[in-house]
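What follows is a set of notes on a single structure, which appears directly below.
Every chain is named by a letter (A, B, C and D) in the order it is written, and numbering of its residues begins at 1.
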Amino acid sequence: MDLILEGIVRAFRLLIQGDPAVIKITLLSLAISLSATAISLVIGITLGTVIGLNVFRGRRFLVSLINTGMGSPPVVVGLIVSVMLWRNGPLGIFHLMYTPYAIVIAQLIISLPIITGFTMASIQQIDPKLRLQLVALGASRGQLLWLLVRDTRLPLLAAVMAGFGSIISEVGAAMMVGGNITGQTRVLTTAIVMEVGKGDFGLAIALGIILMALVYLVNLALTLIQQRSKPR
Amino acid sequence: MRQETVSTSTLALEARDISVVRGGVKVLEIPSLQVLPNEVLVVIGPNGSGKTTLLLTLAGLLRPASGTLLYQGQPATTQAELLRLHRRMAVVFQEALLLNSTVWDNVTLGLRLRGVAKEEIKTRADKWLERFGIASLAGRQARTLSGGEAKRTSLARAFVLQPDILFLDEPFNGLDSHSRQAIIDDFEGVLRETRTTTVLVTHDSNEALALAHRVIVLMDGRIRQLGSREEVFSNPVDEQVAAFVGVENIIDGVVTSNQGGIINVSIGPSSPGSIIEAVADSAAGEKVSVCIRPEEITLTVSRASSSARNSFSGTITRLVSFGAFSRVEIDCGFPLVVLVTKRSAEEMGLEKGKQIFASFKATGVHVIKR
Amino acid sequence: MRQETVSTSTLALEARDISVVRGGVKVLEIPSLQVLPNEVLVVIGPNGSGKTTLLLTLAGLLRPASGTLLYQGQPATTQAELLRLHRRMAVVFQEALLLNSTVWDNVTLGLRLRGVAKEEIKTRADKWLERFGIASLAGRQARTLSGGEAKRTSLARAFVLQPDILFLDEPFNGLDSHSRQAIIDDFEGVLRETRTTTVLVTHDSNEALALAHRVIVLMDGRIRQLGSREEVFSNPVDEQVAAFVGVENIIDGVVTSNQGGIINVSIGPSSPGSIIEAVADSAAGEKVSVCIRPEEITLTVSRASSSARNSFSGTITRLVSFGAFSRVEIDCGFPLVVLVTKRSAEEMGLEKGKQIFASFKATGVHVIKR
Amino acid sequence: MDLILEGIVRAFRLLIQGDPAVIKITLLSLAISLSATAISLVIGITLGTVIGLNVFRGRRFLVSLINTGMGSPPVVVGLIVSVMLWRNGPLGIFHLMYTPYAIVIAQLIISLPIITGFTMASIQQIDPKLRLQLVALGASRGQLLWLLVRDTRLPLLAAVMAGFGSIISEVGAAMMVGGNITGQTRVLTTAIVMEVGKGDFGLAIALGIILMALVYLVNLALTLIQQRSKPR
């Protein structure tokens, strides 16, 4: 029991004192995951809206690709990104392996299908008659797209949250492509795994509390959004 | 006047040789249909008869398999032509179909899409929110509205556009009877003021009776009858149409008095002096139509003192028998259709040219504002 | 006979001092209600009047805030007593409420829950699947059924239990008119055969007219009127009940002939010789009730040759005026209620004791099988 | 490009030849995750049905606990289990740290809220009137519970799949409490991370293909179940 108490006490001391290592790891983690989310967001909303509204050749294939992506284990994404970025791999010349950019790339690939899928689903949930009504009100093609995306803003926010939540707490890919280098690619999750391996529970618990707090905030936001966007 | 042939360019809308195919089946086939300026054209028909399909096609929202749509004499086929049509018209669907936004945003949406100036938007929106009694709701989120309020918002959103032509698809469905009647009354008033050209689709023949200048009866995707309200309700072309619309004698007149809920209606210049008594709350001077179901009228060979308040002498102009019934058409200065059993017709010796008395009770008369 | 006081033990079901509270408001308050053996008791009332609440309470599915429920004279309060009641009764809800399984599994479910022997289950299920015309659907998954088929399955599931008492909550709602009529016909036939004690809840007074022995009019959670079908429809206790049920003259009789769809109905031993003519497809010998709305009857001071096939002389027994109307009760050997305008009543000098002729058209008579 | 091709070729050779290491890791992974799923299933369905059907004191707290559990990062679960099982932790005397049992415990804790939550949701989705109808048909309390659980069997199967899918592809907790010991606690995901770290892509790709195949089968089953259980 001493171990636990001691760990928790040390964790709170680290948190309250604003330990530089804790702050560094947290900020790096946020920077990487927020960048990945932002990039996915731009690509995913565009892709999801286009796929959701239009019927075209290859649409079924794209949709099943997105579904496969949403269900793929992050470890496999990490493996694929590793192979690509490895020093004598196809993108090896950019020397991205074991840099924060590698983690951003992996997390981007993990969150993109999630955000695209959510966007597609919320665009498709719009009553097709509402589209007719907007056309009947005199909306041009461009105005129609804009109105529809705007009308689903709450579910889209949910997509962003789900995307961010899935990558901030991811371990495997971050470890594989980042390499867990102190100060450079050590993020919250990989740091926790490492500290536990060393038997240093104080730092691990401190980082765990921060991770839980982040995930809790994201989930809270998701719940609030879902309640607000309930249909009449 | 409405029955005259009108030159194409003065038509509000014209459809030629329209057909709509779904799953390999022709669900709609309309050789020709003209919407006249300022008329209220009501399309009635049973569920699944293709009413909504017809409305969507006329509004340029559903591309037909074949045929052309002419708006004010100009074709409406290309994307640009359709956008032009859509920016002159308005559609009210069965559901209110509002965006997740305020009532004000929803009502002004069409004007903003058209790029109307801000002050103009404000003036017009204020007027129509007021007119439909929802001015106080302008700031409310659409998803918090009741069914009736949402419907009023959707009507205001249509009228604020001051459309050249208005399409409505079962607009009064799914409301409880109280707010339904209030909304129909408001709508009727607005329509009489603005004289907006209107195409309204409904399965409820009472709405057609209350609102229509002309009526189309649609069955199985084909026009079974098209004519004035009086023609369709008094002279349905066949048994099926009659069964659906419910046959009515419809006679226009003016209320001359109201004593304790019993009104006298003077029925038009065509037969001066004829008065129909009815139970209704209309005021003197009001223009009304009175409706009498053919089976509510009794024929007698001589005038008898009776509790039936309305009794008219007339001449039989036509007598048709079918099944157990005979349909008797009488000219009493105005036309009247009467349904009696065949046995009655035989026993009374009814025949063309015979003089007869037609009587019906004041409680059997249904009065509609015109 | 049904009006007599019956000793408690021979009652099918009895409720005493029942009250149901929801959100602090008493939504149901029933001082006393008895269901007689073999009767069809129909509860009618507008939406929100507490009909379903009453049905659930009588079926022991909703625990009232206060009051007792007696099933065949025994209290039904504890879990064990309620289970005993539930294993003797059957309930058909508005929705079919089938399990995700086959039609056969659903129909036999109640018997399996009661532990009935396999051969017995097979015999009874075969019989009732056949009786409701769904024998061919036995192997179908419930979720693939149409609305009408699901409804038939739910009725078969109830009747296969051979319940002592059957509860139905708006069982014919939400069906298209064709399958609705077919199912009502089947149900009516089964009910006449089995003479199952039945409590049926509906907002449709036509169903009450067609099925009920006794009728309860429920409004705002209170019994406003309870009586035989004739009492309730011919003599509603107040204006509100009258407006809801629609007043009717209901006269029992036997069809004596049918000529080309026009039938003669001899109206009972109480007034031998009286014949009412009506339009219906009933065969000679059939027992029927004829219904005539009071506003469809015309009064005359002398008998006149007329297309109204039915004319009876009688004496005014009562005259009541309200608003623009007068309600005239006449004894023609059978009682008849007539609605005329007040003006008519005055001009004709109607008063109690006066001799008068009442006439109505054969097309104005509605015929119901008994 | 050589690296990728070479890796893929080696991966397929390992798969076709039935390499003992590949088989061992796969079987261990399956044994651990299936055990965890089976235990969660028994506890989760009971718990979910009881919570879904009854109103009792503390119900709201239990439901929010389940929701928090469903949203918690597995890394945090790994951290908590590690602290508990650590040699001088409260359960240290059982010497479970760095054994397959530790991974089962961690995966059980990860999958239990998922299965409980799914069960609760599918039991609550049943029309309350169906419950009345079953009581009216003469179902006793026990018969009612059994009929309701049986009627939701397809959504429950979905719960099982979701639970299994979430733990078979989990990395962090397995690594922390298992320690990635060859032949004892090395599962598919931790093996992939390790092999990539070593730069040995052949084995990593072979294991990645197996993991993808497993996850794909689970998702396929989920999709089929969701299509079959669509309401009329």
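By our rule, a residue touches a chain if its C-beta (ideal position, glycine included) is under 8 Å from a C-beta of that chain, and two chains touch if they have at least 3 such contacts.
Owing to the predicted nature of the structure, the values given are computational and were not obtained by experimental measurement.
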Maximum centroid distance from subunit A, chain identifier (CA atoms): C
Centroid distance [mean C-alpha coordinates] between subunit D and subunit B, Å: 62
Whole-Å separation of chain centres (CA-atom averages), subunit A against subunit B: 57
Junction residues of subunit A, two or more chains touched: none
Per-residue multi-chain contacts in subunit B, two or more chains: none
Graph class of chain-chain contacts, one of line, ring, star, complete, other: ring
Contacting chain pairs - touch in the sense defined above: A-B, A-D, B-C, C-D
Touching residues on subunit C, where the partner in the complex is subunit B: 259-262, 277, 279, 295-296, 298-302, 304-309, 323-325, 338-345, 348, 359, 361-364
Subunit B to subunit A touching residues, read off their complex: 56, 59, 61, 79, 83, 86-87, 89-91, 93, 95, 97, 99-101, 109-110, 113-114, 143-145, 157, 161, 167
Parts of subunit D lying in touch with subunit C, wherever the complex brings them together: 127, 129-130, 132-133, 135-141, 143, 147, 150-151, 154, 229, 231-232
Of all residues in subunit A, those that touch subunit D in their complex: 1-4, 7, 67-68, 71-76, 78-80, 82-83, 86, 88-90, 165, 168-169, 171-172, 175-176, 179, 189, 192-193, 196-197, 199, 201, 204-205, 208, 211-212, 215-216, 219
